[in-house]
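Okay, got some structures for you below.
You will see two complexes here that share subunit A, one where it goes with subunit B and one where it goes with subunit C.
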Partner chain A sequence: MKPENTGIKKTAAALGTVAGFMLLALILPRYYLYLLALILTTGLLATSLNLVLGFGGMYQFHHAVFYGTGAYCLALILTKTGLPAWLGYLAAPLAAALLGLIMGLLTVRLSALYFGMLQISLGSLVWAIVYRWYSFTGGDDGIHGIPVPDLIGTSRGAYLFVVLVTGACLAVMYRIVTSPFGMVFTGIRDNPERCRAVGINVTGHQLAGQVMAAFFAGVAGTLFVTVEGSVFPDMMFWTLSLEILIMCLLGGWFTFFGPLLGAAIIVVLRTVVGSYTEYWTLVLGVVLILLIFFLPEGVLGMIRRGGDNAAGK
Partner chain B sequence: MHSGGITFAALMQQVLVGLSRTTILFIVSSGLSLVLGVLRIPNVAHGSLYMIGAFVTFSVANFYGQTGFGFIAALVLAPLVVAAVSLVLERGLLCRLYDREHLMLLLFTFAFTLIFADLVKMIWGSDYRSLNAPAWLQGSFDLAGLPFPRYSLFLLIMGPLVALGLWLLTNKTRIGKIARAAAVDREMVDAIGIDVSRVFAAVFVIGCYLAGLGGALVAPTQNITQGMDHTIIIEAFLIVIIGGLGNIWGALLGAAIFGLTDAIGILVWPQFAIVFPYMAVVIVLLIRPRGLLKAIW
Partner chain C sequence: MLRVNELVKTFGGFKAVDGAHLHVAPGEVVAVIGPNGAGKTTLFHLITGQLVPDRGEILFKGKNIAGLPPHKVCRRGIARSYQVVNVFDRLTVLENVQIAVLARQSKTWNLFQTASRMCLEDTIRILQNVGLADKADRICANLSHGDRKVLEIAITLGSKPELIIMDEPTAGMSPEETAATLKLMQRLCRQMGLTLLFCEHDMEMVFSIADRIMVMQQGRTIIQDIPERVRADKRVREAYLGGADTCSA
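What follows is the complex of A and B.
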């Protein structure tokens, strides 16, 4: 098969999926639209983390801070300024990317583990400031009742917006991963020394990856504001960072769609089990342990490997 | 002596408060550091064990009607309960995972923070609990004209005792020496016929015991709540990182930096007090990314 053909097929499949999701808005009741919007938002967040974690091999331990930055930036523009909403939606991911650039400049020179640790420290510092700055960020109360534009303010409108934005972002991220840049990025993950030896600017690529991941996390932050109408400092607390990390590991962090699946599993588990018992995290914990013992490569990683085995590899 | 409205005596008082906070931070993070250094496991569940230690202390002390004896009994029993839990965890599950990637071990211990959090909620409910120190540790005494809590002094005595105990354990006992050797080269220790797996179990249990002890000691000083696991574990990790991974004395230094900047922050700018220790951590890591003292990793 010619490469152009697979490209067209993939594009068609992607467009078909987005159209399918949009059609769901006509049939599904509000609650399910809300749940799907939440899954897609969280999935976008997890995929943005995996851009650097799975494909770049970078220990991005505090990714939530970029998500929170995007969300807070939009929330503050909508509540505290008279600027048009679209400007907020544009500025928020850029603010997250800027934070990614600043943190990246400080951290990328370090090796994997120490990179992650300095990032946790910087992220916790940002969290502590947001958590306490009552007059500006609302402190630990957060900001509620954020006036989202009317068009996307209804549950159906918000859902459609989330589908379109997530679809577009995933397409761009897929392009990045399969581009020459993505190939080099994966090469750096597998062997940084060799890449450096053949003249690749390793830290430059890592910095660029960090900025892109932060940008898409910021986009996910704006989607959260659109769906929930509120922000709170827990959005950039380290537990959320660990939770997204787990979504990637759970779904399969060496695959593109794994994190999306991991996010879906966790959000659904929380909502469905949470409606039966208040002890849903206990169930999640047990599920995770079973997965570690029986599916160490994540759900998608396992399925893919099963396919390879069946193909006689 | 005035500097911006802060008297020298008030500063000294806050330094002592900070040092007693340092004690608890040190006890908890030295346990974390021990496990990280020897077993190479980033044990996120360490904070949960600290929380369990605090809740068990509450229950035991309450069982004896919050008497002086009850508190001492709790101080002895609660860390032992935590150690027993960790022994089951290590022998039952964790010991099968040592050859896995660090991220998987992180995921595994995180799964246990979820499980422990819900178990604590089931056993003790969602309300916060509080516990009074025994009568002989209540109140305060006069220190250069300012009141200094007796319990803080008690903590200031406990800290060096634990540090001394840890030093003896790692330097003077057989298990400590094997553990230090295994931290450097596990396969070599295995090759000369020592059962490393057992030593790992012992080190893990000791590390978790320290988490329980920290929880027991902190119980009379604050509300015992759900969520105290999340707060302590990030602090303990940052302390271990700035001290130097796996270095016990680094944990002491890191705990002092964290405790003191926090206490002085309360004096300087109460609203943003919690920002100060995080700022200190970032500054330390920007200058010395591998921590202040020699890291084992």
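What follows is the complex of A and C.
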């Protein structure tokens, strides 16, 4: 098959999927639209983490802080300023990217584990500021009743907005992953020493990757505000970072769509299990243990491996 | 082309390289030999920027490159291969070389083109040149040791270097593979006018391919000269060939 054909087919499949999701808005009741919007938002967040985790091999242990930064930035602009809403939607991901740049400059030169540890420390610092600064961020109460623009303020409007934005972001991220930058990024994951030896500025690429991941996490943050109409400090607490890390591992962190699948599984599980018991984290723990023992490459990773074996590779 | 003067590198008290000298002229094939622990690999690490020297100069095309980070050394025109195979195991043979070609053509910051379709011509030409074209789509981890060592060379060619540095290009190879690699290196040097600096334990190979040989012992340069004179040199015989000659040649 010619490469141009596969490109057109992929684009057609992507557009078809987006159209399909939009049609669901006509059929599904409100609650399911809300759940689906939440899955897509979380899926976008997990995919943005996987950009650096799975493709870049960087132990991004505190990704939620960029999600929270995006969400708070939009929430504060909508509630505390008279600026137009679209400016808030634009500024929020940029603020997250800026935080990604600052934290990246401090952490990116460190080796894998220290990178992760320092990131948790810095991220927790941001969390502590948001948690304590009552007069500005609302402290542990968060901010509620955020005035989202009317067009996307209804549950149906919010859902459609989430579908379009998630679709666009995933398309851009897919492009990045298959670009020369993405190829070099996986090369850095597998063998940074060799990358340096062929003339690649490893630290520079890692920093750029982190800024991109933070940007898309910020976008996911704005989607959360659109869907929920509120923000709270838990959005940037490290337990959420752990949860999205698990989503990547569960879905398959060496695949592009794995984290999306992982997010869907976790969100559905949390919703279903959460309605029976408050010990949801216990179930999450069991899932994690099973995952480590039986699915080290995640669900999609296993499916792909199964396909390869069947094809006799 | 390359000139190393009074180079010193100490690891906590131990002088790994202690005043080494080296000179490589354009188009020349220079071998570095010496007993284990003589400092050959450290010398190469210093030249390619993996290590920063304590003292001394490394002049490449007249400019001091001592202390530059590896990616900048590569950009200046020096590419290296490794003693222990050091490739991208999860990628295909083609992609392994493609990364080097992309880096060489400064395309690694390109975010929106499809990588798998870029630089294919240059990449495939290199694979054909080293005889790996028929294995282009194989995942690297599944290759034989000999093929992986050849891939090492192919990746260095991807950087389109003026000077290639090879750290034991035939280490761990069977005699047949060694002979084939030797032929490949000779052909590449002739065809592409490459300048080559390498170190090797296989004396037969060193004396058959090198224009000049530099002998190291305990971090120092004993001599650098044409093979006949190195073979005849008394100090070299004492330091190195004397005992090792019988077992390695």
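By our rule, the second predicted complex is superposed on the first by the 313 of 313 C-alpha atoms of A that agree within 3 Å, B and C clash if a C-alpha of one lies under 4 Å from a C-alpha of the other, contacts with A are read in each partner's own complex, and residues count from 1 in each chain.
Please note the rule applied: contacts are C-beta pairs under 8 Å (C-beta built on N, C-alpha and C of every residue); 3 or more make two chains touch, one makes a residue touch a chain.
Worth saying up front: this structure is predicted, and the values here are computed from it rather than measured.
*Asks:* So, A:35: does it touch subunit B (first), subunit C (second), both, or neither?
*Replies:* Neither subunit B nor subunit C is touched by A:35.
*Asks:* For A:120, is the partner it touches subunit B (first), subunit C (second), both, or none of the two (neither)?
*Replies:* A:120 sits against subunit B, while subunit C stays out of touch.
*Asks:* Looking at the overlay, what does A:296 touch: subunit B (first), subunit C (second), both, or neither?
*Replies:* first
*Asks:* Thinking of the overlay built on chain A, is A:191 touched by subunit B (first), by subunit C (second), by both, or by neither?
*Replies:* The answer is second: A:191 touches subunit C but not subunit B.
*Asks:* Pick one for A:180: touches subunit B only (first), subunit C only (second), both, or neither.
*Replies:* A:180: touches subunit C, not subunit B.
*Asks:* Of the partners subunit B and subunit C, which touch A:7 in the superposed model: first, second, both, neither?
*Replies:* second
*Asks:* Just subunit B (first), just subunit C (second), both, or neither: which does A:22 touch?
*Replies:* After superposing on A, A:22 lies clear of both subunit B and subunit C.
*Asks:* Of the two partners subunit B and subunit C, indicate the one touching more residues belonging to subunit A.
*Replies:* Counting residues of subunit A touched by each partner, the higher count goes to B.
*Asks:* What is the contact status of A:238 with respect to subunit B (first) and subunit C (second): first, second, both, or neither?
*Replies:* Once the two structures are laid over each other on A, A:238 reaches subunit B alone.
*Asks:* Which residues form the common part of the subunit A surface touched by subunit B and by subunit C?
*Replies:* Common to the two interfaces on subunit A: nothing.
*Asks:* Where on subunit B is subunit A touching in the complex?
*Replies:* Residues 44, 93, 96-97, 100, 102-104, 106-108, 110-115, 117-119, 121-122, 230, 234, 237-238, 241, 271-272, 274-275, 278-279, 281-282, 285-286, 289-290, 297.
*Asks:* Sort out for me which residues of subunit C touch subunit A in the complex.
*Replies:* Subunit C reaches subunit A through residues 48-50, 69-72, 74-75, 79-80, 82, 86-91, 95, 98-100, 102-104, 107-118, 155, 158-159.
*Asks:* For a test of understanding, state which residues of subunit A touch subunit C in their complex under the given definition.
*Replies:* Within the complex, subunit A contacts subunit C at residues 3, 7, 175-176, 178-184, 186-187, 190-191, 193-202, 205, 208.
*Asks:* Which residues of subunit A touch subunit B once you look at their complex with the stated criterion?
*Replies:* For this pair, the touching residues of subunit A are 106, 110, 113-114, 117-118, 120-122, 124-125, 128-129, 131-134, 237-239, 242, 245-246, 249, 278-279, 281-282, 284-286, 288-289, 292-293, 296.
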